[in-house]
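Before anything else, here's the structure in question.
Labels run A, B, C, D and E following the written order; every chain starts at residue 1.
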Amino acid sequence: MVPLSWYIVLSAIVFSIGVFGFLARRNLIIVFMSLELMLNSVNISLAAFSHYLQSMRGQILVFFIITVAAAEAAIGLAILIAFYRNNPTIKVDEINLLKG
Amino acid sequence: MTIQQAFFSYFAGAIVALSLLVVTRKNPVHSVLWMLLLFVHIASLYLFLNAEFLAAIQIIIYAGAILVLFLFVIMLLNLRKEETEKRFQGQWPFGLAIGVVLAVFVVLIVGKIGVLPELGQYSVEAVKSEGHIMTVGKVLYTEFLLPFEIASVILLVAIVGAVVLAKRSLE
Amino acid sequence: METTDLVGLSGLRLIIPELTVICIALILLLLELIVKKKEVMAAVGIAGTLVALYGTFKLFGINGPGQAFANMFVLDGYANFFKLIFYVNVILTMCISLKYMAVEKASYGEYYALLLFSTSGMMIMASAADLIVLYLGLELMALSTYILAGLMRKQLRSNEAALKYFFLGAFSSAFLLYGISLTYGLTGTTNLKEIAASLQALNIADSPIVFLGLIFLIVSFGFKIALVPFHMWAPDVYEGAPTSITAFMSVGPKAAGFAVLGRVLFEAFGSMHVQWNAVLIPLAVITMAAGSVIALAQSNIKRMLAYSSIAHAGYMLLGIIAGTPGGLTSTVNYLMIYTFMNIGAFAVIIMLRREGFQGESIDDYMGLAKGHPLAAALMLIFMFSLTGIPPTAGFIGKFYVFMEAINSGHTNLAIIAVIFSVISAFFYLRIVMYMYMKDPKEDVVLTTSYSMNFALAITAVMVLVIGVFPSLLLDLVRVSIPG
Amino acid sequence: MLKYTLIPLLPLLSFIINILFGRNFIKDKAHWIAVPAVAGSFILAVSAFMDVTAGNVVNINIYDWIVSGDFHVSIGFLIDQLTSIMLIVVTSISTLIFIYSIGYMHGDGGYYRFFAYLSLFVFSMLMLVMANNFLLLYFGWEAVGLCSYFLIGFWFHKKSAADAGKKAFIVNRFGDFGFGLGVILIFLTYGSIDYVQVFSNAGSVVGQTINILGTDYDLITVICLLLFCGAVGKSAQLPLHVWLPDAMEGPTPVSALIHAATMVTAGVFMVARCNPLFNLSHTAMNTVAIVGGLTAIFAATIGLVQNDIKRVIAYSTVSQLGYMFLALGVGAYSAGIFHLYTHAYFKALLFLGSGSVIHALHDEQNMQKMGGLKKYMPITYAVFIIATLSITGIPGLAGFFSKDEILYRAYLGGDTGKFLWLLGTVAALLTSFYSWRLIFLTFHGKFRGTHEQEHHLHESPKVITVPLMFLAVGAIFAGYVGIPPLLMEHGDRIGEFLAPVLGHPHSEGSHAEEMMVMAGSVLVALGGWFIAYRMYIKSPELPKKVGEMFKPVYNLLFNKYYVDELYSKTLVQPVIKASDKVVLGFIDIKIIEGIVNGVPALIGAFSRKFRQVQTGHLSNYGLAMALGALAIIGYMIFMK
Amino acid sequence: MENIILNQLSYPILTYTVFLPVAGALLLLFMRNAGLIRVTTLLTTVATFVISLPLLTNFDKTTYKMQFVERHEWIPSWGINYFIGIDGISVLFIFLTTMLSVLSVLVSWKAIENKAKEFHTAVLALEAGMLGVFVALDFFLFYIFWEAMLIPMFLLIGVWGGPQRVYAAIKFFLYTLVGSVLMLVGIVVLYFTAGGTLDILTLSSLQYPLQLQFWLFLAFFAAFAVKVPMFPFHTWLPDAHTEAPTAGSVILAGVLLKMGAYGFLRFSMPMFPDATRMFVKPIFILSVIGIIYGALVCLAQKDLKRLIAYSSVSHMGFVTLGIFALNAQGVEGGILQMVNHGIVTGALFLMIGMIYERTHTRVIADYGGFATVVPWYAGLFIILTFASIGLPGTNGFIGEFLILFGAFKAQKLYGVLAATGVILGAGYMLWLYQKVFWQTPDPDYGPSGRHPVRDLDLREVVTLAPLIILIFWIGFYPNVLLSYMHASVEHLLQDVNMSAYAGKETLIAQLKEIF
């Protein structure tokens, strides 16, 4: 039997990797993917909890998270495209018109 | 170490490694491809956890829809010069530090997870007897009707939003 | 759970307001195809909102009938009052948007639909009794708002605002989900009431894991209500987004964030009051400090109001920190008042915008009182209200919050808050000073419309009336959220 | 009662009418209102005097002035022997000077104003002497100061006049500061500030002490000394004498009335009035006497070398006031008042006479530019001689009687008394010298002014000379109310008259002693004349020689012991400098304003600094969020 | 509640008095013609004055109780009432406020050309606010008026003021706001300590623990000391006074400064008697410093208005000194001196405004010999000068004397030190008078000069006349005002001197406990 904590630790590590990606990468698309990574890490822990609790809720939430992730991807990439049309860059550190 | 633990260890190791690859590859297309592999591994983990339906939609939606969308956009934006430039930004050491510290903190805290509340009605046997998809469907359409409906609205908004924002010209 | 109604369709009655709003939004989407006049769209939107408002209070009274959908959805006074805030917010936003969006060349029909979608998301958040519903409502609201922020597709500012809002919003969502997952794992449920029961039953209220989950929840809610240091998006997004959306955002998502923050902390984690207070108190202090102080150096009025909005979040947080029903009441009361004064202020900002003139720089307000005494007078009222000077509503809001903070023993916090409110007075006064005490640089032409005038009239009158007869509002709040 | 009220009220009415309508309507007819008013007061005063001689001492309260807690004070009058004498002095001299002013001030732009102020002064002075409590006394006290301020600064376009007015008021404030505190202390001690109650209870607090900065002092002494502060200021005693010589910037009738005859004697009056208190404090009495004696000789020495005719008389006034205090200090209150009364006449005469001279010379006041006026102005010369004889104490004239009484009483006052007597006698010598010097320089010898002045020289008109003559009569005969017992049994009628108020002198000496003192004073008076005669008539070059010989002394005297300079250097300039440079420039602007403006500036600097945190980079924002979350988690871990 | 007397008149006189200006202000919103606006404002202020007169005539001087009381429910959920009434302390300030408002409208008749409507609206709003402060018997109501007043005053200074007006206005606003928000915290603490009421009379009748008293006193002190203003919180005053338009300066000096001291009397003393006694010494010290300091700074001033402004610091030092003497003479003198200061300094500002209209300079050195140029003006000015110095016969004397009396009675040393302020006061005022009015005038200002300066006209004399009359009236018959105060002051002092922690030793012991 795999202990629950293994899953949770895995989830935590992946989450942290996602955070690292979000904070460190320049390319917005990869930043976005880091976000997806974070969501997936949550999904792992939710599924694990769900399993170990013998409850359905976690899995249902995973389902919704995936749904929302899809919607987010659509909107996020649309925003990215709209932005790219006006300012052809997707470098995080080149986007600072608004500041102060 | 039981066999399950060994398998888990492999998958966990792979997931971590793949995650790192995703966030460190210079070429976004490579990242996407590593991510595809990552999703397959995660789906496998779901199977471990007796969540067949999740494994399925992980592949179908995440890999099939979302990642494809990413690929589309990468292609659309035609990011050639990307490969010649720095992949990390100036603050990456901070990002790394935060990532590491966060991991340490969270692992320190959650690693001790032990006590779980009383078990629910959906034991592995119970789910197996009815079939996972059946169980999920039942729950989804009764207990979780409201969230389900909300999710539908969210998708609608996503469509509308994507159209409004990304359409070349409205007038 | 109702056994006879497995699907829980009987609960539909409770979500009539939400349904109404969503339906109107759908109708607007369709209507956009046939109707070209945006006034009609706005009118339908406002009418629909009014129907929903009527529905909310006619069907359920102030206190609401209770729960539905497997206890995931709750309709109580708390939720109803927040809904009132959302209705007011969306109606006023629509009123001030009409001419403005045309000037910005972003007058899409979807605008109104998205406003309503966003509102419905907020309403769901307010009524959410389950973390899953809460998450979905939050995402509904957030996704709509991301789009709205980026609606001026041709303007880089707007794009950038949407971009930043989206990425950071998603980032915070991930924290939210992580928090939810930990909470779920430890308590075995996502239902707020059951979480509370579980914490009690399993005696895990002092478990660090639960607290970690709670911290993640607070981080993500803190993002929505723009607490320092999770506020970084706010100034940029407020500045870049269309002004009407800035007005909308500065109230709606913030209120919704407080709605869930209040509900989650009080209903689910009431037993961990001490722990979350230890987190919230420093957050409140630095929020008030950063908001008040950084606003001083701003030259763009939208940006300044963004920082002001951050500072106000700090004040509102005092009510939550108090940890009493009264404290919650005071926060809600503050939010209602904040709605009027903030949208009023933004309405005046919008009036200055016209073809070829941004009207966002503070310098543009020089000598406004000379050419447009009425507009200047209204701005004056809103500025003093935001400062919290009687006899405006802003004072009542602040007073109540301070009162509850002190009542719960946080006198030091109240003293810090009043000090920062003095600092904040400086930049509000600066606007007044520019309007009244400087000579105009150039002639400012105001863009007005009937709906704009209506919105201004409503906000100004409410600010003054609540300021002088606070009972009108107080009684309502106190009935909604019984102490 | 109306009669008594009318005494001060008539001049007040005159003031009000003149000040309101003088400028536009009355103009140069102002004396038609002022003179009858003050003359009316004089008649009423005489009537009041009759009442008092008939034994009717009046003490009436007109209305409650201030009521607060247990503090209660009325506007009310006490008309007893002392007051009635003062009334006569004030009103009679005023009337004469008013008449004199008609001629003297003729054609002045502020003619109406002059009469208005003078009327106000008379009102104030009458209030001062008629008051039946300390606070009302204080009212009159300050009010006469006000009038003095107005009248010194009457020709306000002259800077010196303006400065002098201000100086007089402010110097007096120093004295009043003490006086005011004295009044308060009296109430706190006796629970009342009515004369009658205070004086009847005066003895009840003997031996009580008051703690000042940790040391215990005798309560009554403190009270008396505080009151005496006021007297020092008002009567120009050391060290607050500096304002009086400067006050000569005012028109000469003012100098005569206010700065010689009446106002400056208010201090004497007040101390005499408070004799029941002073009698209880040996220290206070001695202080009064010594201050008086020192002032007498101090001012007299300065008077020796001054050239301004009015200043000489002014220093003479200071000196004579010192005499009066000397008398009060040795307990000879009636002698002091007696001298006050005689002095009023001869000093007013001197001033008005000098006014006549100045008038004739078109505002020339320097005696070195006069001389030989005898033949042009015989009447003026005559009255000057009379006044001088009187002031130097030549037997038979008013000054002789009062001065002699003072010196005699001083002589009787033990060892201190002897010393005081010596001071007084030396002062008398000096007085005699400078008085004669004045006459010789002014009226004898050759005229040293310009030809044009010489051409215009003439005797003054009737309206000026007639009051002079009246005053001359006073200067001769006023003394006969107080003939010393040596010359006439029961001759001291004024002493007897005042005895109910002032009591009897403490000690009586022998005839021989009295004779000795009298002879001594007559001798020094003649000696003074002789020296002056030697120096200014016989050998006019002598003064210069003497001056050269005692150059340092001469300079010291000529510069009035540098007292003004001393005050300026040690008090006035430091205060003004400190207020500008230290208080305003440093404390107010640098420190307080620095903090007040510094805090917002600091916040502003913070603001500008912290807004840079908002870099605009998405990832930085994310970093902040993550850091925030991390900080909270860390806090949670380490706080556990 | 026994210690109130309900309004016996047939109409709510206090409400009318307070809100008539508001009604007038609302009326102004519909007017365009500047002349009409002026007339309306004048009529409104006059009407307010007339309406307020029955307060004086129908006042029952024999009782300390609150009179003309009106009480209505206002915010029931917080237990807050619309509760107004006056006693012997506040009645005089009502009178002063309504009178000075009339005069400040009169003096602005020609001076205000720009934005006349806003100006007069602000003046009326200000009047209502000030009146409200003096009648409020509910702390919440009080605070509303207290703060609301800042807005019109801020605008008056900032819009119609002198060259440095913006700086002055913001300084004024923020400075006073800092103080009042701390008071706000104090109010709330008090609210809960008293069990959910802000009724001033109830709050005054309760006893609070010493430690609480200590802190609350400090919180209230922050608000009141700034308003008074006491050294070292005074620096807003010279700027505000100097830059404000004449009407603003008059109201500022005449009424606004009084609110701080009024606050001490109405709140600090009866509510925190022990803390009050504890703080007597520090306040005495600050007051004495203020007296001397203000006077010294005056000596160094080069600007007419600034000099008068700093003289206010000095004079208000007397007021606080008197009030905290805690005896009948001191307190009554303090109150009287507040009225006096309102009259005299108000009149001084009026006069400076009048001369400024003519010469457009406030620099003292630009003047000289004006007694020849404008004799009537000079004549009235000298009256004010001497009233300010405190010459007997003027109102200033009565106030100062009673204060010094009270202070001397309480603490001899401070009484003596404060009395030196009287000397300095004469110094700077006479210096001012000499510089401005004496010596030879600049021929430019003469009738044939380049900028002929005319003497006062009828409107201006009418504006000043009431104040001049009051100066002498009070000077010779102060009981006309003092008699109103006796009962209230006596009651106040009873409150202060009777409390659980009587005795000095206990106080010090308790103080040690606090820290």
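Quick note on the criterion: contacts are C-beta pairs under 8 Å (C-beta built on N, C-alpha and C of every residue); 3 or more make two chains touch, one makes a residue touch a chain.
Predicted, not measured: the structure shown is a model, and the values here were computed from it.
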item: Third chains touching both chain C and chain B; value: A, D
item: Neighbouring chains common to chain A and chain D, by label; value: B, C
item: By count of C-beta pairs in contact, the leading pair of chains; value: A-B
item: Taking each chain's C-alpha mean as its centre, the one farthest from chain D; value: B
item: Centrality ranking, top chain (CA atoms only); value: E
item: Interchain centroid distance [CA atoms averaged], chain C/chain E, Å; value: 43
item: Where chain B and chain E are represented by their mean Cα positions, the distance between them in whole Å; value: 71
item: Euclidean distance of C-alpha centroids - chain A vs chain E, Å; value: 65
item: Centre-of-Cα separation between chain C and chain A, whole angstrom; value: 26
item: Touching two or more other chains - residues of chain E; value: 174
item: Interface hub residues of chain A, defined as touching at least two other chains; value: 4, 8, 15, 18-19, 22-25, 31-32, 48, 52-53, 55, 60, 64, 68, 71-72, 75, 79-80, 82, 92-93, 95, 97-100
item: Shared interface positions of chain D, touching two or more other chains; value: 600, 611, 614, 616-620, 622-623, 626-627, 629, 633, 637
item: Chains touching one another, given as label pairs in label order; value: A-B, A-C, A-D, B-C, B-D, C-D, C-E, D-E
item: Residues of chain B defined as touching chain C within the complex; value: 106, 109-110, 112-113, 115-118, 120, 141-147, 150-151, 153-154, 156-158, 160-161, 163-165, 170
item: Contact footprint of chain D on chain A as seen in their complex; value: 19, 22-25, 31, 92-93, 95-100
item: In the complex with chain E, residue positions of chain C that touch it; value: 369-370, 373, 380, 384, 389-391, 395, 399, 402-403, 406-407, 411, 414-415, 418-419, 421-422, 425-426, 429, 432-433, 436-438, 469-471, 474-475, 478
item: Residues on chain D engaged by chain A in the complex (per definition of touch); value: 611-612, 614-619, 622-623, 626
item: Chain B to chain A touching residues, read off their complex; value: 2, 4-5, 8, 12, 15-16, 19-20, 22-23, 25, 28, 31-32, 35, 38-39, 42, 45-46, 48-51, 53-54, 57-58, 61-62, 65-66, 69-70, 72-74, 76-77, 79, 82, 85-92, 94-96, 98-100, 102-103, 106-107, 110-114, 116-117, 119-124, 126, 135-136, 139-140, 144, 147, 151, 154-155, 157-159, 161-163, 165-166
